[in-house]
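The next block holds one structure in the form of C-alpha cells; read it before the comments.
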C-alpha cells in the first residue's frame, strides 16, 4: 500500500467516524496538525502511534500500519501553488521572506530555522470583526559554522 | 526616489545608528517585523509613521518620506527561493500546505486566511538543546460565499 | 465521488434536462455564474443549495450531494491559459494589471480587491455593430494595515 | 523618447499637478482607466488626445507627444504576476476561466470576448461592511466562423 | 464522446474511405484546412455540416455529431512545439514577429489581425527547384480604440 | 556597431525621411517585409543592397553597412510572445499546427516547409465589414529521406 | 497501431532475433542509425523498406507495416535531456553552438545546416587509451536569401 | 579582462587582420573549431598557444593572454536555443537522442561519449545538388563500472 | 519487464528477506550504494552480479535478470528536487558549486570530475552532539585538451 | 561594499599574492573549501577570521572586513547548472538522489543530512589510470520528530 492509497483509506475512515483532527490528535496523543500531516502522507509515524491511529479510526490492517510507518518521499504539485488558501502562504513567504531573514538573523546570527526539527500549530482566534487564523511555526535555529 | 534606493538609505542609516529592529519598532510604536517590511519596501507606512521612522534614523528628507509612504508593487526574485532560510519557509508551505488547508477549513469552513488583513511576529525561544525560532502568523479568515 | 466525476455527472444531466445556466441559477436562487462555478467544481455549495441543485437536474444521490458540498482544491491547467476565450482574460490582466492597480489604489488606498469575498456576472449587451460581452467583477476592498 | 521614459515623465507631472485619474480623464474627455493605460504605455493615444494630455499636465514637448502616439509593444513582467492586487485578478481568471467560457458561449455561441475592441471601468461601491471594488469589462463578441 | 475520441473515429473513417482533405472539403462544401481543424477537434462545426461530414465518411452516430458540434477547449502540448514542421512555423513567428507587427501596423494603424475572424489556406506551388508550400492567413484587422 | 544600434539608427532615419516599408522596399528593389526584417536585425543584406538601403535613408557610414551585412544571431524575447499582435500568430500555430502538418504532409509526403528558403508577404484586403490582413508564407518543401 | 506500440513490437522482435542495428541495416539496405530511428518511431520508412524490415524481424502484420510507414509527430521528453549520454550531446550544442555557427557561416555564408536533408553515422574508433565514439552529421547547407 | 571582453577584442582583431578560422588554426597549430571555441571563451588555451594566438592577431597584451588562459565557466543563453542554425543541432539531439543512445551502447556497452575528452570538426562537402555541412564529433567512450 | 517493475519486485523481496543494503552489498560483493542504485534502476549490473542479486533475494526469474542487466535511461522527476533530503544535496551543489569548481581546477587544471567513472559511499559517523552523515564521492578527473 | 565587489577584490589580491586555497586556509586556520566559499560570498566569516583573511591577502580595508562578516543571501544562477563541472554534481544528485535517501534513511531513520551544520572537503587521489577527485560531505543527521 503506498502513501496515496493510505491517505484515501484514512480520510474515508475519518469521515465515517466523524472524527475531527482534534479528536484524532487526542486519540493518539499528538498535535492535530502533525496527525493530519501523517494522514496526508507527509510524515511517518512511529510504530505505536501508527497502531493507535489505525485503532482510533476503527481499522485493522497490517499493510496500512506499514504504510503509515513508511518514510515518505515528500513532494508537491506545482512549484507555485494555485489553491487560494495555500497560495496566500506562498505569497507571505515571497512578500516577507527577506524581512524574516533579516529579523531572524539579527536575533540569532547567521543561520536558518530548521524545517525538520520543527512543529506547527493552528488556532482559531475569536474576533468581533471576524475570527482570525493563527498559525505558529516553531523550528530549531541552526547556525552556520566555519570548518 | 524608488523603493530600492529608499531601502539602501534606510539600511545604511540603521547600521550607522546601530538600531535593532526592536529599537526601531519601539521608536515608531509598531511591531519590529512590520517596520522591517517597510524598510524592505514591501509595505507602505502612513504619513505620521513614515515621519517618525525617518527621524528615528537621524534622517531628514521629503523624498525619502514620500518613498516610504508610496504604495509598493510587491514582487520577489525566483518563484522558488534559493536562500536556505527562505527556502525552508517555502518547503514548509509545500510539505504542509494541504495539511494546513484541511485543518483550517475544518475549523472555519470553506475559505482562506487573508495575507492582507494579516500580521506576523518572530520570537526567540530559549531551549537548552538549542534556541528556537517561533514565527506567528495571524490573518483574518475570509469565507467563500455564494452569490 | 471526486469533483471531476461530479462535474461530468452534473454536465450530462444539464444536457439531458436542456437547462441553461440561467434556468439552473433560478432553480437554486443563485447567480448563473456562481452555479456554473459549482458545477465546474470550483466552489462548494451549502447543503440546502446542493440539495436543490441535484433535484433541479433530476438526480438523487447522496454521494453527489456530498461532492457538491465538499470544499474544493482550486487548481487549473497551464500557468498561461491557451484556450482563446480564457487567454484573452489573461491578456487583459497582463496588459491592464498595473493600470488597474494604480486606479484602484488611488480610489481606495493601499490594499487589494478580494477574490474570496467576490462575485461576478456576465451579461449580453445588444449592439448594432455586434453584441458585446459584459463581465462585472465585484470584490471587497481589503486595506493593508500596519501592526 | 521610449514608453518607459514617457511613463516616468507623465507620472511625475501628474504628481506635481495633483491630478487624479478622474481629473485627467475629464481633461481629455476619456475614461480614467483608458487614460491611465496610456500613461502606463499600454495604449497609444490619437494625436488630439495626446496633445490635450500633455497640456493638461502642464508639459510641452513634441518628443513626449510622439511617444504618447507611438503604437506600444505590450509586454509584462512575470507570466504569473506577484503583486497581490494583480495576482488576485490572475487567480480569478484561473479559478473562473472555464466557468466564464461556458457561460459566455452558452449565451453567444462558439467564439470569444475581444480584448481589443474592449473597454474597462473601475468604480467604488459603498458598503457598510466595507466598500467594494467593481470592475466592468466590456468586449465585442467575436464568433468563430467556418470557411 | 469527447473531442479526442471523435478525432480518432473520424481519422480512422477517413483512412478507410481513402478520402483526402480536399475530397472531404468538397463533400461538406468548406475549405480543406477548416475541415481538417474540425476533425482535429480545434473547431466546432454547425449542425448541417457536422451531419454532412459524418455522412461523407460513411458513419452514422448521434453522439459523434454532437461531439463535432461541441465548442472545443483549444489547447496544445508544449509551449514551444517540437515536431519540426510545426516548430518551423513557431520559428517564423519568433524571427518575423516584430517585423510583421511593424508592417501591419504601418498599413492599418494600432491594432491586430484577428485569429478568430480568420481563415487559412495551404497550396502546393510547382517549382523546378523543388515544390513550395504556400500558406495564406487571412484575418480581420481589429483596431484598438480609446474609450 | 551591433544589430541593436543598427536597428535604432535605421528606424530613426526612416522616421526622419518619412519612408514607408513600401517606399524602402522599392528603393532597394526588394519586398517590404524582407527589408523590414533586415532593419529589425533578423536578416543580413548582401553588400549592394546594404549600400542602397543606407543611401535611401540618407545615411553614409561604413560601420552601419557592415552591421547590415553581418550574419545575425536570431533570438527573441519570451518563448510565448505577449504583444497581442504577435501572440495571435503564436495562437494560430498552436491551434492549427497539427492541422497544417496533416494537410501539408498529405499534399507533399513526409517533410517540412523550410523557414530558411522562405519568403513572406503582407497585404491589406478591402472588406466592407472591416479590412483584412492577408499574410502569405512561401517556403520550399523539404522531404525527409532515408539514408 | 501507434508508433509507441510499433516501437515495442520491433524492439522485442529484434531481441528475439538477436539482430544488431548493423544486421538490420544490411537486411534493409540502409544505414543502421536510420533504421534505428525508424524503430524508435522518429522517421517513417517507404513502403518497400517497411516490408523488408518486418520480414527481417520475422514478423508479418499489415497494421505494423502501416505504423512504420506513418509520418511521425516528432517529440521528445524534457527540453533539457537528463540521461547522461543524451545530455552530453545537449551540452556539446550549448558549449559549441556559437562556435559552430561562426565556423559554418564563415565557410558557407549566412544560412544553416538542414536537419531534414540530413544523415548521421556512428563509428567505433579503436584507441589504445580507450576506444572513441565518432559521430558524423551531414546536412545540406541552406542559404538565407533576400526576396 | 573577462572572457566577454577577450572575445570582443579577439573578434575585432580577426576582422582587422582578415584571418579565417583556418588561418588562425594554422597559425597556432590547432584545429579551427577549437581555436574558435577559445575565441568564444568556451575553452582555455595553454600558455604557449595563448601567446601564439595573440601574436597571430597582431595584439600584445598580458591581460589578454591571461584571459585566454583562464579556465572558463561554460554557460549559454536559453535552455532551448533560438537561432535557427543552433536550434537545428538541438533538434537533432531531441529527434535522434534515444536512437544514438541505443546504437552507441550496442557498440560499446553501458556508458557515454565524453564531452570533455572530445574533439569536433566541420567540413564543406561539395555536392551538385547543394554543398553539405559535415560535422564530426569524436569523444572517448566512458563505461559505467560497478564498485 | 521494465526498470520500474523490476524496482518494485526487488524492493518487495528485500523487505520480505529483511536484508539491509549492507547485507545485499556483501551478498553480491559490491558497495551497498551501488547495489541500491541498481535496485532503483539507475545502473545496470553485469550478468554474474545480476544473477547473484536475484538469488540473494530468493527470487528466480530470467526476465528479472534481463531487466537488471538492461542499460537504463537515467531520468528523474523535477529539475529541482522537493524531498527535503534530496533538496539539501541540490542546495549544496547550488551554494558550493562555484567554490568546488575553483578548488578542483586549482588542484587539477581545467577539467571536470567524471560522474561516470565514479563511485560513492555513505557512512554513519558517531558524534556526541548527534551522529553525522558522511558522503564520499570519488570520480576520475578528466582534463580538457586542445585539438 | 557588497559581496560581489568583495569577491572581485579578494580574487584579485589572491592572484597578486599567488596564494593557493591551501595557503589561504592555513593562513586563517580553516579548511580551504570553506575559505573559498567565503571568498565567493557564500559564507560569512567571524570577525577574527575576516581580519586574518584580509591581512593574509595584503589588504587593509574596514569596508572589506564588514563585507566578509556580512550574512550572505545565498543564490545561484540557473536552476539547472550549465558549466560541465557543476552540472556533473547536479547529475549525481539526480541519478543517485533516491538511492542516497534510501541508504541514509536505512542507517539513520526518517530524517535528513543537514546542509547547514555541514562541512566539505576536496582531495586529489593519485591513480596510475588518471588521478581522481575525492569530495567528502559531512552533515549532521536531523531526525523528523512527531509533536
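The chains carry the letters A, B, C, D, E, F, G, H, I and J, assigned in the order they are written, with residues numbered from 1 in each.
Everything below uses one rule, namely that a residue touches a chain if its C-beta (ideal position, glycine included) is under 8 Å from a C-beta of that chain, and two chains touch if they have at least 3 such contacts.
What you are looking at is a predicted structure, and each value in this text was computed from that prediction instead of being measured.
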Most distant chain from chain D, judged by the mean position of its C-alpha atoms: I
Over-half contact-pair match to B-C, picked out of the listed pairs A-J, E-G or I-J: A-J
Chain B and chain F: spacing of chain centres that average the CA atoms, whole Å: 49
Centre-to-centre distance between chain J and chain E (centres being mean Cα positions), rounded to whole Å: 56
Centre-of-Cα separation between chain I and chain G, whole angstrom: 31
Multi-partner residues of chain F (each touching 2 or more other chains): 73-74, 76, 79-80, 82-84, 91, 94-95, 98, 101, 105, 111-112, 114-116, 120, 142
Those chain pairs that satisfy the touch definition: A-B, A-C, A-D, A-I, A-J, B-C, B-D, B-I, B-J, C-D, C-E, C-F, D-E, D-F, E-F, E-G, E-H, F-G, F-H, G-H, G-I, G-J, H-I, H-J, I-J
Interface residues, chain B side, partner chain I - complex: 80, 82, 84, 87, 91, 94-95
Touching residues on chain H, where the partner in the complex is chain I: 30-31, 34, 43-46, 49, 71, 73, 98, 101, 105, 109-112, 114, 116-117, 119-120, 142-147
Sites on chain D touched by chain F in the complex: 73-76, 79, 115-116
Residues of chain I that touch chain J when the two form their complex: 20-21, 32-33, 36-37, 40, 42, 74, 76, 79-81, 83-86, 88-108, 111-115, 118, 120, 122, 124-125, 127, 129-142
Chain I-touching residues of chain G, taken from the complex the two chains share: 77-78, 80, 82-84
